[in-house]
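One structure is given below, encoded as structure tokens.
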């Protein structure tokens, strides 16, 4: 059981990625797929380098990130607010107790036609979709957190004369915080997906619309390069979110796990 | 069983409440793009006749079903293979996480290159998008098989396909179910998007057609139908899952203790 | 001899240096024996049991079951683990749990049902066929695990501190159950425990182990009457003598720092680390 260099998971993982790059390089040449549909890695890499050198790429990236960030912030604030209000009012809480799983009535993409009508290709289209989808993620997790509040702790607080606002601050919030963090993390991932989707389908400014342009002008290597960028962006956001979550909840991590919905 | 039925009943209560909120919020709307809910409901049966349901909604659902099933079969079998071997898992994990991070709709232009614009494309898109959460969750579930249970199986000579069937798959089924749940949401999204891109029939296609011809209440009725579809599939999934995993829910309830 | 352990040795490749958990264990069981294995904590009892069960490959030495060398879990052996909650399949009913090894072995249906029925009845769970493990108490779950082992009709039944995680009263009942099953079914049992009283109460012989690196310290014959019960046997003077003797041996074993040719610093802790 010697721990050689080849046994370390990081090395193995990197070799996996290297293997993928190698595969994509070789496949088009082997004839299994046409090079028109899947360009070899080096061609994608060249396209990526060209993209990174273009100003338009960076402004598209910026547009995507701006829409993502604004939409996420709105969704998180609205989700937390709505979640706390629902959690603090017993009637509403009872209503939502068993139905949390169903709290996503309309798939966000159904709103695409509406967004097109209302805002055309402006950033608001993207925001409409991002906020809608992310809001539900945050809300669901906050409600799970609210549901998790120890009723005894709540009763105790009430018996000490703590008003609703105080109870929210001292009992509800600390319990719900880990769930809020999970919600933010999930929402961050969903927000990216929806931002890119809106840009791709509607044509709002951002990476998604750049991909659509690449596709329609048959710049296939560019398309793949941009898709790779979105993947890396998604990974980066996920890692950042997990990092922040670990930081903020270093005192709580052991207790809570993710509630999979 | 009554417990699940009660849950379903309560589940429908909330959408009804949301419905009510929607109704009152838009009751006096003058906005051309946001008509009152009453008007939408009025056009609903006019738009979604049996013929249209058969011509548009059914094909969409069939594509979703086929793509989703492919994703489940591929995701679970690959997941079991990858999850069973520590080395393989370590090698593939970053690659799989990368693919999972790619926003699924972005796959549409890529797959259009390979598969054109027909039904095949849509099914492939749905399968390609749905497979990742199922695959990754299966890997996780397989990894987390209890070591004592695994030893028990070894000592009783339960190996090979018997072991996969009786130990690995059943043990990982809660995680697999969670992955299938996420995949269902993704599937619905991709079903709609692939049709918005290129189609001649389908729910997504029809909604876009309404939007382009400015038939606003019709468009909204389509959105509403999509919502109902999502809700129905969600409920169905829940029903099947709570039946198939009743041992899991029972065990968790027992562990949590009387409360 | 039914079960033969010869010169068993297990060395773990630790992170810094190798840890010799088990140095040299040699003992044997004849058919129909009920032998208890006892030793100070961290003395490699679990390692030994896993080697015997074919779940772990020893560094040196051999285990022989009925003239066949044990290299992987042999068909003639059944193991009952300490963690009953984790050794039963939560998605199967009690009956299916007991039946699975038989199904896997290819036993015919009629015979299977017969064996399962009798096994569950013999542990007192005739009414629990359709219950799920997590619906049962800890003691009952362990009974299911025992029934599963019994139905399997093994040559040897290995039990790894099976009652360590149940409460004292349940433990007493289960101890009597084991002796009962042993007498009625003639099963050969190797019972590993850290509870000295339990070892003396149950066994015909008690094998006392040293601390790590483990060797056999002593094999003690328990010359108590065959019919034992919790009340009278445990207050018997001979019982007290025997248990005191075992206790003294274990204390001596703990005190002796068996400095081996490998590391000596807290071998028990390191072994635990590696075993995790």
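When the chains are written out, they are named A, B and C in that same order, and each has its own residue count from 1.
What we mean here is this: a residue touches a chain if its C-beta (ideal position, glycine included) is under 8 Å from a C-beta of that chain, and two chains touch if they have at least 3 such contacts.
Please read these numbers as outputs of a predicted model, since none were measured by experiment.
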Interface with more contacting C-beta pairs, comparing B-C to A-B: A-B
Let me check something: if the centre of a chain is the mean of its CA atoms, which chain is farthest from chain A? C
Taking each chain's centre as the mean position of its Cα atoms, how many Å separate chain A from chain C? 51
Quick one: chain B and chain C, Cα centre-to-centre, how many Å? 48
Express in whole angstrom the distance between the two chain centres, defined as the mean CA positions of chain A and chain B. 17
Chain B residues within the chain C interface of the complex: 146-149, 151-152, 154-158, 162, 166-167, 170, 173, 247-248, 250-251, 254-255
Contact residues on chain C for chain B in the complex? 53-55, 73, 75, 77-79, 81, 83, 86-87, 89-92, 100-101, 104-105, 132, 134-135, 152
So in the complex, the part of chain A that touches chain B is made up of which residues? 9, 12-17, 19-20, 33, 36-37, 95-99, 101-114, 116-118, 189, 192-193, 196-197, 200-201, 208, 211-212, 215, 220, 223-224, 227, 230-235, 238, 260-261
Chain B residues touching chain A - in the complex, by the definition given at the top: 6-7, 10-11, 13-15, 17-18, 33, 87, 90-95, 97-106, 108-110, 112-114, 178, 181-182, 185, 188-189, 192-193, 196-197, 204, 207-208, 210-211, 214, 216, 219-220, 222-224, 226-227, 230-231, 234-235, 238
